[in-house]
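Both complexes below contain subunit A, partnered by subunit B and then by subunit C.
And then the complex of A and B:
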């Protein structure tokens, strides 16, 4: 354990270097519950462990990455800019279910990060290929 | 909740001395926090502190050290984009000290 620097140097660790496929599934709207923010925090922490991390956005979860969020009126912090930091954490696999976008009248252009849009069937396949799926 | 009185202003801090309200930050409180951390602020220190503030403004988080070093390397030059450089400036950890001086919350991913 290092002191609180926010990062651990894994460079000399290769013996236990098992890399698993982790998918974090986000299904809930960003505000109103703590799920979206908690998921994002776990994702950021997971980046320190050199795992194969991906995020999936389904149902109301697609609202988490919608552009132009204004949270002043609900007195919550707008944490949506943090999704744009994921790239710097080498988390670049963001998957969005097309049906969820369609049902909400959204397109890829409404999203604040680059994502891969896929059908429900493709998403199911993607999930089945994971070692660990954590749902928020 | 603790607080610091400085030049007639009151700054709220948490129990570890991190500023509660980012908006209250100014160079005066930064200098005070640096003194508390026994960091002698030079231009190089300010460069990192200002970088952290910009990063926070853009992304609303304090970066993990690995992300910070990479981003600093890109912005300020490769010779500064390594943890050795940052630890020389902030011996007790760039996250702990530089973030505190910059008025940011403790970085996510502190383990």
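And then the complex of A and C:
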């Protein structure tokens, strides 16, 4: 077991069948920093290892999945459609904290992908059940 | 003076600091760019601060950043939109500017 690979042991054949619960916690707005895009890259990589992956969106992270993003004029890649493609990689657990939406005047209808909206308390429970939590 | 902000009002207190200072100057102008454009959107807990500021100074937001973040349909009335050319004009029109990092 190695820390650098999030606990996945790539050397040991016997360990290859172990499925862990991975949660990616997204708390940054999409274009002001590189965090959101980097998170998405790692999420897609994780899908290749057949792990139990979930994404949590809190604070400004909820802005990552807001509808209607058009980035042509800022000359950056609009990666928001990728969240809709996650389903194709069997990543279907997307959790959004209701308190973060409320604070920003957003509702589930403003989001471009199907998510499970939950309270902070429910989010805490979801986080505590994970084997590995990776924060962006 | 032109005050430029580029950070989300939900992430730090830069907007508050800027407003605390800038609102004392009648000729001040505020330009929201990058993640600060979320402050230009309606229906959130920041809105009242911007509405208050609009009564005292001019408030601008960078349209390409609004568009990138999907905030086009939520902009608070009274905020003027500028493109990159407009950004340059604002810098040129004001005697000086302060980027609130």
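Simple rule for what comes next: the second predicted complex is superposed on the first by the 121 of 136 C-alpha atoms of A that agree within 3 Å, B and C clash if a C-alpha of one lies under 4 Å from a C-alpha of the other, contacts with A are read in each partner's own complex, and residues count from 1 in each chain.
As a convention for this text, a contact is a pair of C-beta atoms (placed from the backbone, for glycine too) under 8 Å apart; a residue touches a chain by one contact, two chains touch by 3 or more.
Note that the structure is predicted; figures quoted are calculated from it, not measured.
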Which of subunit B and subunit C A:77 touches, first, second, both or neither: first
Which superposed partner A:68 touches (first subunit B, second subunit C, both, neither): second
Touched partner set for A:105, first subunit B, second subunit C, both or neither: second
Touching partner for A:17 - first (subunit B), second (subunit C), both, neither: neither
Interface residues of subunit A shared between complexes with subunit B and subunit C: 78
Residues of subunit A that touch subunit B when the two form their complex: 1-9, 41, 44-45, 47-48, 77-79, 81-82, 84-85, 88-89
Residues of subunit C that touch subunit A when the two form their complex: 6-8, 10-11, 34-35, 38, 41-45, 47, 63-65, 67-74, 83
In the complex, subunit B residues that touch subunit A: 58-68, 70-71, 83, 92-96, 106-111
Of subunit A, residues touching subunit C in the complex: 28-33, 59-60, 63, 66-74, 76, 78, 80, 103-106
